[in-house]
Amino acid sequence: MNEADIQAIFDGSPFISFLGLKVVSLDTATQELTVRAPMRPELQRDPTGGQWHGGPIAAVIDTVGDFALAYLVGKPLPTVNFRVDYLRPAIDTDLIAVAKVRRNGKSVGIADVDVFNEGGVLLAIGRATYSTL
Amino acid sequence: MNEADIQAIFDGSPFISFLGLKVVSLDTATQELTVRAPMRPELQRDPTGGQWHGGPIAAVIDTVGDFALAYLVGKPLPTVNFRVDYLRPAIDTDLIAVAKVRRNGKSVGIADVDVFNEGGVLLAIGRATYSTL
Amino acid sequence: MNEADIQAIFDGSPFISFLGLKVVSLDTATQELTVRAPMRPELQRDPTGGQWHGGPIAAVIDTVGDFALAYLVGKPLPTVNFRVDYLRPAIDTDLIAVAKVRRNGKSVGIADVDVFNEGGVLLAIGRATYSTL
Amino acid sequence: MNEADIQAIFDGSPFISFLGLKVVSLDTATQELTVRAPMRPELQRDPTGGQWHGGPIAAVIDTVGDFALAYLVGKPLPTVNFRVDYLRPAIDTDLIAVAKVRRNGKSVGIADVDVFNEGGVLLAIGRATYSTL
């Protein structure tokens, strides 16, 4: 599974294509997947102000962590559970999500996901467990 | 803040109104808020099969837990962090999310959220911490 | 596995017997296990004041949740991950931990654990995932 | 607060001194605190085999993350909540816990803690939120 394969799955999923996720890079040495999520009006918390609702940020974390592992396992994986911590509001910016595999085990895998704004400021962090069975 | 107030905030938020959340009931005695999230095509994981992507389920949990506390505090609250566990796939169903306040403290509040399908089967559970400052 | 079996495993584990866990009751209908953890001087945060350090509270949660599922599965299970939220300080009190199974799946199980003081006040809550493979 | 200050607080706490935590290094540039936790018989899961019970590993994570932030804030902080993921059994080894501050905010701080065996193999990972009020 390479960057084009991941992008093709993104584009084929109604929800992921609604989010508009774009693969930026896949570093096979560090097992890091970087994905860009553009702002779109439906994802705002309020009608004005340009702030992301936290829900889609969590959805980006879940998805990007999944595909960091999917690259290794060969297919998207069911999420067992995940945690997201919000550090700063995401305002008037695309999101840059960087997922790093922490474990690729026989039954579960774990990925950490850092979410940045376009200026490189850390906005949210996620940790997710997926079933690798 | 009563049921109509919560629904008005839902309807005024671009993302929450995109999710289409509808207040079902607010039990002030048990501090439980019940909300319905209808399936819509953009929230599907795959083009066919009618399965919810996990991302919007997490977004529902974050939002419904928030408003269970908002009812007590008088306004929506910033999410500090939350955890979601997925138990079963959500297929061809609206979601019924029931949030219960576990703590309403001076600096943080905690809500548990159970997500059911239309048949009452438990699909996912969430636990979220919000800033009450 | 009944209450006596669980107590025997507790007593045979160096760490669990150090914690001094005592089975209070096992409700097979509700799948709830209640366990008492006595205060002991080594578990205090400070030399005076009688406050539990949070670490042993987390350890109690991990252990009691495990055995709520072990009763169903027939043996203690490896913990995949868990979350603990601290609500109030635990001072001059034994802990009463009540674990309830939320899911007993083919690959993972989930238990919620509420921790009370002797007066029935909620002090901490935990949610843990275990491998049932 | 320097390494000696942290060690003095460790030694003055009944539970932390029971765990026997020793400060290895405090890197003020990277905001990383490294602490060693020696095996002791009371912390074993089983009478033989030399395996750590998961409970004390969680307690080490909670404590070391706390002091990575305490160095910045000037005092130990109440834990709001934390998550621990277990990757591999900890057998016949001291634990080396490395905590890194992810956020030091006005109301909450976040630390990530990686736990290694003496050979540098990653055994467990934690993410904890503390009150900085």
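A, B, C and D are the chain letters, set down in written order, and residue numbers restart from 1 in every chain.
The working rule: a contact is a pair of C-beta atoms (placed from the backbone, for glycine too) under 8 Å apart; a residue touches a chain by one contact, two chains touch by 3 or more.
All figures in this text were calculated on a predicted structure; none of them were measured in a lab.
Each chain's centre was taken as the mean of its CA atoms, and the one lying most distant from chain D is B.
When the C-beta contacts at C-D and at B-C are tallied, the pair with the greater total is C-D.
Here the spacing of chain C and chain D, counted between their Cα centres, is 21 Å. Centre-to-centre spacing of chain B and chain C amounts to 28 Å, using the average Cα coordinate of each chain. Among all residues of chain B, those that touch two or more other chains are 80-81, 83, 85, 129.
Across the complex, chain C is touched by residues 12-16, 18-19, 41-47, 53-56, 58-60, 62-63, 78-86 of chain D. Chain contact summary for the complex, chain B toward chain C: residues 83, 85, 87, 102-103, 105, 110, 122, 125, 127, 129.
Residues 80-81, 83, 107-108, 129, 131, 133 of chain C touch chain A in their complex.
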